[in-house]
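Naming follows writing order (A, B, C and D), and every chain is counted from residue 1.
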Amino acid sequence: MIRDIFSRAAVCLLSALAVLILAAGGARAAEPIKIGSFLAVTGGASFLGDPEKKTLEMYVARVNANGGVIGRQIELVLYDSGTDAKKAASFVKRLINDDKVDIILGGTTTGETMAVVPLVEKAGIPFISFAGAGVIVQPVKKWVFKTPHTDGLAVQKIYEDIQAQGLSKVALFAGSGGFDKSCRANAHTLAGKYKIEIVADETHGKGDTDMTPQLTKIKNTGGVEAFLYCGFGADSVVAAKNYRQLGLTLPHYQSHGSASKRFVTGSGGAAEGIRLPAAALLVAGQLPDSHPQKTLALQFEADYRAKFNEPISTFGGHAYDGLMIAIGAIERAGSTDPEAVRAEIEKTANYIGVDGIYTMSPEDHLGLDTNSFVMVEIRNGDWQLLK
Amino acid sequence: MNRFMRLATPRYGGMLGLAAIIAVLPAFLPNSFYFDVVILVGLNAIVCIGLNLLVGYAGQISLGHAGFFGLGAYASAILTGNYGWPPVLALLAGAAGTGLLAFAVARPIMKLRGHYLAMGTLGLGIIISIVLTQEVDLTGGPDGMPVSGFSVLGWEPSGVLVWYWIVGGLLLLTVWLALNIVESPVGRALRAVHGSEAAAQTMGVDVVHYKVLVFVVSAVLASIAGSVFVHYIGFVTPSEAGFVHSIELITMVVLGGLASIYGAVVGAAILTTLPQLLTALHDYEMLGFGAIMMGVMIFMPKGLVPTVARLIRDRVR
Amino acid sequence: MTLLAVESLSKAFGGNRAIDGLSLSVRQGAVHSIIGPNGAGKTTLFNLVTGIYTPEHGRILLDGADTTGLAPYRMAGLGLSRTFQNLQVFFNMTALENVMVGMHLHCDRRFLPSMLRLPRVVRRDAEIAAEAAELLHFVGLADYVGADSDAMPYGALKRLEIARALATKPRLLLLDEPAAGLNPSETGEIDDLIRKIAGTGVTVVLVEHDMRLVMGVSEHILVLDRGTLLAEGTGEEIRHNPDVVAAYLGEEGRYL
Amino acid sequence: MFTEFLQFLLSGVTVGATYALVGVGFSIIYNASQVINFAQGEFVMLGGMMAWFLFERAGLPMPAAVPLAIAGTVLVGLALEKFAIEPARNASIVTLIIITIGASIFLRGGAQLVWGRDFHALPALSGDAPIDLSGVAVNPQSLWVMGCTVVVVILLHWFFSRTMTGRAMRAVAFNMLAAQLAGVNNRLILMFSFGLSAALGALAGVLIAPITLTYPDVGIMLGLKGFCAAILGGLGYPYGAIVGGLIVGISEAMTAGYVSSAYKDAVAFVIILMTLFFMPNGLFGRRGIERV
């Protein structure tokens, strides 16, 4: 009797399960492509994460309006990591296990990105990071890609410029974040190649409100010819202000981490004369017509300004390129099969993006070189392209 | 006391209830993300139980307990990662090291009272987190470092379900040990220190000894939870040891209820899941979180569990 | 036989010499009272003897052994216990638990066995609980055994402190104003209780302002004034001591 | 060498002065209520943010924007007292601490919502051009910070010793019950102390914003350092908080300059721990005698 009930129940359950599986399979064709994202919309890196979020949302809506990708709509699942690596890891687990996304874009900072790398590697899901440091793709990790220029590229570009000016003695000042430290390390290792001597090397803490003691030491170091700051966000503004307040006048270089209008307005007059490497996007209007990125850059700038009524930063560009590389790979793969999409991302070639022209390979999961940078100088509160 | 009445006590009813919840919960968790949240609840609860022994029972505030959590976390990360120690040994070494440090600073720190004690513990926690942030060669600096998986004699827990049972078991064990302490002469001495130090001393309670003891015990528990945490998460950053995390921990304890072992568990459960629930609020998340914190504390100053327990008791009478 | 001796003891707070070269002794087995105007140094003396304060000069001898500067919990171990002028009840515990804390030194209080709840610890704790309940009966608090102490009336809390002090099994019991704030009938009951305690062989020293209680219960009276011993003797001797009358005229002469 | 030292000192005094203003706020509220207000740093943030908003976005001239920003922050402070502290008057110290931490999260969330998560810069009151004093570059804004702190100290001294309200506040701090019996309106004093603390915090925020920028999270660290200042000087002793703030600021600058900028913050906390180990009630705190 009891046995009978059990076997009946088992049959019922199995058939119900079969129906469910069939229904799920049938529905798959119309199911949206799920793009997962975690960005530092709040917290210390919010000035990066915020434009990234806006860009992603704007272009996902636009792609959907134009009929989606391979006949499917895109669903964007986005979490705010609050610039916290632990939260980022937790949200990525949620994206992988709960939301079951097909691809993950994001990770505003290097810290958040590195915290989730083991997770995506284990789960086997394509992941394109928007964070700066070179360690993300060096050494190459199977499932991990990134779009922004690395700090190493930036240092090379800066050293090229310093060398062209006939200078060699550099004072280095860096923050303590992941990007800052990576940039500082690169500044040391690359110095020899460009015949540059680091004569002063100072650091400051995250969120420091006063850096005059360190800058005073640099000021009192003899023979300094140029000043290089590694860092981004509010820190770089404080550094620029304190530099000016101490009456320092040496050529002042910052990284592409400061390539945002907020840096210029935040620093007030203190940003005048600072040189930095930046994506072509920043000076789209000044580019020669022959520049391959000019059309796209102008278009992106106009779109962003029209939608959000705020000046453009290059950070939104990282998100744009990440999204477009992902969409291109899915289109070429014709499905959202993780391995196929991953392989197609790796085959990205001559993709003209906002940040540069990408050609990836199994050895290079970034695909940019120093040509993707232009040197700009801040003049009269605006960017001036340097020839 | 008859059998039925016993079910109303924390020792029998509470432990049974908690064990039952831990046993049946997996049936209601749809996927590994939910398991993840519950595992974090368990680990936070372990830290909070220790912290509640210090704050709720002995009446000594600590705004720096995340420092001990971070020490355990980094001890495991560094000893297994850089020196190839077996994880169990690293965990024990971390706990012992943290205990020693806590013991060394306990005497001067436990001399402080009230807000001075708050400042002292806060400063200690911040110093620990700054050291972890700055010793880049050892700790990977502000971006943290990856941590290998856990293993005992070649066996490696894999999958959230295994971790779930491990943490569930640890939590039950911690609750049992904590209840034992609370209901023993040691627990009475701790509460006496809270009630009146002068009277406790004249009753023969060595106040300094017990303050040091409970400080060390709570630090060791935090350290162990930190070790387990990093092996589970697979990554550690200095924010685990930071001021914000310390504040989260003390908030869990106070919100759940001071001097209540289950209060610590409930507080950890609420404050760990709340941010996940509030993601739906988007831009209003922080606003909502702050408002909930203030609201609960204003209307239930004794915390959730003691307030609800009193309501039920009054209803029964 | 002398149980407690104090030799040229001094303690000052800021510029104020609360105890000034005080010497006195307490005989075993007798009920002593310490009286004196407010600020005479009575409570300070208790705090010095129990080790809560450390004296600047002088010695404290308990049963011939020098205990000067010992921590209060060590004094408890040597058989000294007390109650407090301002209630120091553990309000976060029940009445029974309060008394059980008093038995702290007689518990199995090792940490690891306690944490593991070894049978020995549990058994000893049950014995302690029974003893504590007996003590609550002894001081007349049979109705309050399981009560939360923060819900007990003032008079009961005064007795609870006495029960808790007795739980340490003291040789010498210091009572700091046991009748303060009590009505006359409650004071009478305290009078009986003190006699009962003395009857068990415990030496009692009380600080008290209620002269009827003092004169009724004490065998020896010590009078303190501005930190020094003004006079001592039986009730009758004190009553007729001209110095005492002079010192008290301002404040409490009406009791004499 | 000596100019370098002076430069460090200048930097330390400037930062220390802001810590001092925040620390005084802690002390004033503590005196009136025994509450440590962990939302004190958020007053600094609100002052800076409101001033930026009124000046940059609403286009008000600076002399109007600054007082309005301070007034706005005072309103927030009063609301905090009225709706969060007062209903929980009888709660324990820890509970009150958690309430004020909740308030600080709430205020940060609100600021993000209203003004965004970005950092903003308030222009300096008298320009950015450094004044060169025999090799030491003096930032004009530093002079404003120091000058205003001195004025605040003088005004506070006058307030606490000459006015009825100030004396009443001191009486409450000394003995709340006695003050109440003498006819001091406790609730009014409590309201007033939150308003005054908010005003001091906002002033610090307005003064420091041109140097450090202002953003929703700027108050966390400033609040913490202000708490350090208050504790170091001795809680409930406003002048102690001033000294405490200067000590913390100067030791930070000297550490960054001569030792290691990485351990700058740690050194401030080590100094505080060491001080507390040997002086458990801070530098100037009243040594409480245990009365039993």
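Rule of thumb we're sticking to: a residue touches a chain if its C-beta (ideal position, glycine included) is under 8 Å from a C-beta of that chain, and two chains touch if they have at least 3 such contacts.
Since the model is a prediction, treat every value here as computed from it, not as a measurement.
Any chain that touches chain A and also touches chain D is listed here: B. Comparing each chain's Cα centroid with the centroid of every protein Cα atom identifies chain B as the most central.
The interface carrying the most C-beta pairs in contact is the one between chains B-D.
One finds 36 Å separating the Cα centroids of chain A and chain B. In terms of their C-alpha centroids, the spacing between chain A and chain C amounts to 73 Å. Distance from the chain B centre to the chain C centre is 40 Å, each centre being the mean of its Cα atoms. Inter-chain centre distance (chain C to chain D, centres taken as mean C-alpha positions): 47 Å. In chain C, the positions touching at least two other chains are 52, 84, 88. Contacts with at least two other chains are made by residues 134, 198-199, 285-286 of chain B. Of all residues in chain A, those touching 2 or more other chains are 42, 176, listed in ascending order.
Residue ranges of chain B in contact with chain A, taken from their complex: 30-34, 36-37, 40, 133-134, 136, 141-144, 146, 233-235, 237, 239-240, 275-276, 279, 282, 285-286.
Those residues of chain A lying in contact with chain B across their complex are 42, 79-80, 84-87, 89-90, 93-94, 96-98, 110-111, 114-115, 117-119, 176-178, 181, 206.
Interface residues of chain A facing chain D in the complex, by the touch rule stated above, are 41-44, 46-47, 50, 176, 202-205, 207-214, 216-217, 220, 233-234, 237-238, 241, 244-247, 262, 265-270. Chain B makes touch with chain D in their complex at residues 55, 61, 108-109, 111-116, 118-120, 122-124, 126-127, 130-131, 134, 198-199, 243, 247, 250-251, 254-255, 258, 283-294, 297-298, 301-302.
Remark: chain C residues 50-52, 71-73, 75-77, 81-82, 84, 88-93, 97, 100-102, 104-105, 107-109, 111, 114-117, 121, 125, 128, 161, 164-165, 167-168 touch chain B in the complex.
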